[in-house]
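So, here come the structures, one by one.
Heads up, the next two complexes both have chain A, just with different partners, chain B and then chain C.
On to the complex of A and B.
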């Protein structure tokens, strides 16, 4: 079920009515039922995967909780136990908990690996076998269960927190199920933590006109971004990137800008719908973006874009990896070999590279995403290495407080990210590099062609570009009003509020790219 | 306080809905030039009720029978709820819709669309259903005949389909914003030009000549609907050379008519008896009859209907006669204009008077 489908709107209306009609103490149970109805309506054949993630996570967390309880009982019954014995028992319990953690990780990651990466792995292996003249393996095509990357990560976050003793004690199976399957964020995030979401997810909510209004308006803005801008620009991006030889040079840059706008509107649009719907239900979901196009560096960008994914990888992969025994051993070795300064950085960079490789792989089973992830990691490491030079230059010329310098850094980051993002839109890594090369080799001729033909050949009319331009300007204005002026729709008088809602609804209905004759574009992040 | 708040909500909602409907009305196609056929279905609602006959079916039906001839020669009142490539489920729901407004003595279904068992095109779905008033029948018809990717909801709110016309609005959209003119005479679309039948193409061989299950299901439904409403169902095949009418289709139609005691008139087989001359009575080499052919068909069918169903001659009813006098006058004027145009230029461009 796409967020932009008619059935979703009907489903949502039914959920709102039901949620605020049932007894408040039953609201989250109602949501749990709604979550599974949502999943069943969207991808009934793959319900088993989300059910398995919930059951295995619950089972492992219960085993850990029982081990903890046994340890506490023993400690209570033996207050005078020797420290050594207590330490020994704790270590034994921790080892057992680790077994349950690893088992849970293996089961869930295996499911993810098989359905998401088996085809890619076999295709890669077949490529290698073909080079040696060997017979190819038979391809296995799995249909990717909806939202598997997201619900798997939420489950794993929960079980890792449970292992670390951070999860709430004695959570019920149904609460865990409601958390993992919470429908607004099920298919493209944000990737929530149990500790963040549970407070409002399980609390009883009286109908709050303000929450409902703010949530609904946020969701409407999401529909606007997705339907009016993102889906309109897809046609041009398809045309521009189908064959880099046909659209080289400046067209590659046009494709990069178009894709930056499209991806932003598509992904933040989906997240706005998710957060808005949740807010209308009284549930607060973590923000996933913080004006990423204002970033002054790649590291800054990744603190502002897909924030919940970034923090997930940081907390559940980067830190454990950096603090693991092998890395600590490596640290000692590199310090000894390269000296304390560089030696300190080498293991961090290795962890960084691994995390970005994993991030690329998480985004999709293709070399494009792996190359994208590795390239991101590489740019971050290089930036980190060059940061002392930048600091000296900035200080020497007093650039830190200059607006134009900040603007330059913002533009530079935008283009750098746009180049990296190109791996996502061209057919393969080779095509992406050919597109890069053409920016420098075929620029003049392509500019002449663009001047002569304009952008009309890309499947969009002038009116479409006007709509996109005006929409982007409105979004920028809206962003400014919200962040700089603290604008909230609830602060408007009744007439202004109503007019704003009606205007946004009408704009979506009239200017949206949807309906018969349009390709139904699912959200880009649904694929992940 | 609460009363004021409720009043504000009602006023704001009414304003919003009004704006929505106003914009929707601007954006939907008016079918007032170019593709006139899209306006045919909607015209029905502006007509006085009480027709003796309602015709339903595809383009053959709105080009084959002249309601004015039926009136002039027999005093029979009729209306054609035909549409381009109207499929049998469209016909069924259009008839069901018509039966909410009137109970004709006879419903005549042009049988050619029995060859289709699946939706054919979104454009033709639109031309046949956009003009229907919003009703359960309309939504059912949209749902049953939807092409992949088509949404029944967009028939209730056509702005969902035509929203992107904002960048291609024409003068028609403003001229006919509030009211639209009639493009037919009781559903009949006049053509007074002539293009004789030249070559008669062979029908290509089909893998299966049986009418499809869905087509048969809707024929049964149509018959049952007529029985429930006390309306006689008559089957008809227009006298057109192409698309090919296979013997196997004819046999199945005859068998069905015989089984249920329906009258079936094949005007293609009876062309000679009806006086149809394929050198002069078609405007597109045999695909459709022109006004001369339509008048002959009406004359032939009228006799059968009067004899078989005992339809009364209403020419003595003053109110009805006055109404039909106006229609006849318009019909004759349009015919004269088209005849003159065709004589002078070899083609016609005036399909509606007042262009």
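On to the complex of A and C.
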């Protein structure tokens, strides 16, 4: 069930009514049932995967909770125990907890690996076998269970936190299930932490007109971004990338801009719907974006784009990997070899490269995503190495407070990210590099062609570009009003609110991209 | 030299112009990034022989030099 389908609107209306009336005393239990109805209506055949994630995570967390309880009982019964003995027992319990953690990780990551990466692994192996003239393996194609990357990461975050003793000391099965399967964020995030979501998800929520209004308006903005802008521009991107050789030079830059706008509207649109629907239910979900196109560097961009995924990788992979014993051993070696300054950075850079490789792989089982991830990691490492030089130049010429310097950095970051995003646009590493080359080799001829043919040759009418241009301007204005002026729908008088809701609804109905040629109803991030 | 001053010196090596005696929003104010945090952890390990595990990498422990000194003190016990 896509957010943009009619059945979702009917489902949502039923959830709102039930949540605030008949089931107002059992709200989160009602949501749990709604989550599974949502999943069953969307992907009934794959319910087993989310059920398995919940059951295995619950089982492992209960075992950990029991081990902790046993340790606490022992400590209470032996208040005068020697420090060494207490430490020894703690270490033993930690080792047992680690066994359950590792088992849980193996089971859940294996499920993810099999359904998401088996086809890619077999195709890669067949490529190698073909080079040696061997018979190819039989291909296995799994249908990717809806939201598996997201609910697996939420479950794993939960169990790692339980292992660390940070959260969830033996939570009930049904609460865990409600957290992992919370339907607004099930298919494309945000990726929540139990410690952040549980307080708001399990609290009773009386109907709040303000929350409902704000949530609904946010969701409407999401529909606007998705249906009016993203789905409209998809047609142009399809035309530009169906045969990349047909559209070299300046068309590559046009594709980069179109894809930046499309991806932004598609992904933030979906997240707006998720956060807005949750808010209308009184549940506050973590923000996933913070105006990413205002970023002044790649690192800044990744602090503003898909925030919950970035912090997940940082907290559950980058830090543990960087602080692991092998990395610490390597650190000692590199410090001895390269000196304290460079030596300290080398292991961190290795962790960075690995994390970005994993981030690329998480996005999709194909070489273009792996190349995208590795390229991001490389750019971040190079930026980190060059940061002292930038700091000196910025200080020497007093650039820090100059508006034009900030604007330059914003534009530079946009283009750098656009070039990196091309691995996703062309979905092929070779085609991406050929597109890069064409920007420099075939620029003049392509500009002449674009001047002669115009953008209308890309399958969209001039009116479509006007709609996109006006929409982007409105989004920029809205972003400014919300962030700089603290604008809230609730601050408007009734007539103003009514007019605004009506205008957005009307814009979605009139300008939404429906019908022939506009069939890209699936959100891009649904496939991750 | 006491723990706090040593930690301030470690922080100053990363950001020489920052007021680490008074700034209590080093994470919340985006002064320190994840690279900085790993450098700090490595230097603390060198200076005090204290290992900071991943579960202690939370904003409250890194928001100020004083919070870091408390963390080192707690882990050393």
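Please note the rule applied: the second predicted complex is superposed on the first by the 520 of 528 C-alpha atoms of A that agree within 3 Å, B and C clash if a C-alpha of one lies under 4 Å from a C-alpha of the other, contacts with A are read in each partner's own complex, and residues count from 1 in each chain.
In this section, contacts are C-beta pairs under 8 Å (C-beta built on N, C-alpha and C of every residue); 3 or more make two chains touch, one makes a residue touch a chain.
Here the structure is a predicted model, which is why all the values come from computation and not from measurement.
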item	value
Touching partner for A:322 - first (chain B), second (chain C), both, neither	second
Which superposed partner A:384 touches (first chain B, second chain C, both, neither)	second
First (chain B), second (chain C), both or neither touched by A:440	neither
Touched partner set for A:165, first chain B, second chain C, both or neither	second
Chain B versus chain C as contact partner of A:461, first or second or both or neither	first
Which superposed partner A:299 touches (first chain B, second chain C, both, neither)	second
Which of chain B and chain C A:314 touches, first, second, both or neither	second
Which superposed partner A:506 touches (first chain B, second chain C, both, neither)	first
Common interface residues of chain A - those touching chain B in one complex and chain C in the other	none
Chain A residues within the chain C interface of the complex	164-166, 299, 303, 314-315, 318-320, 322-323, 328, 331, 344-345, 348, 384
Touching residues on chain A, where the partner in the complex is chain B	6, 461, 463, 494-495, 498, 502, 505-506, 509-517, 520
Contacting residues of chain C [partner chain A, same complex]	30, 33-35, 37-39, 41-42, 45, 51-55, 57
Partner chain A, residues of chain B touching it in the complex	8, 12, 15-16, 19-20, 23, 27, 122, 147, 149-151, 153-154, 159-161, 163-164, 166-167
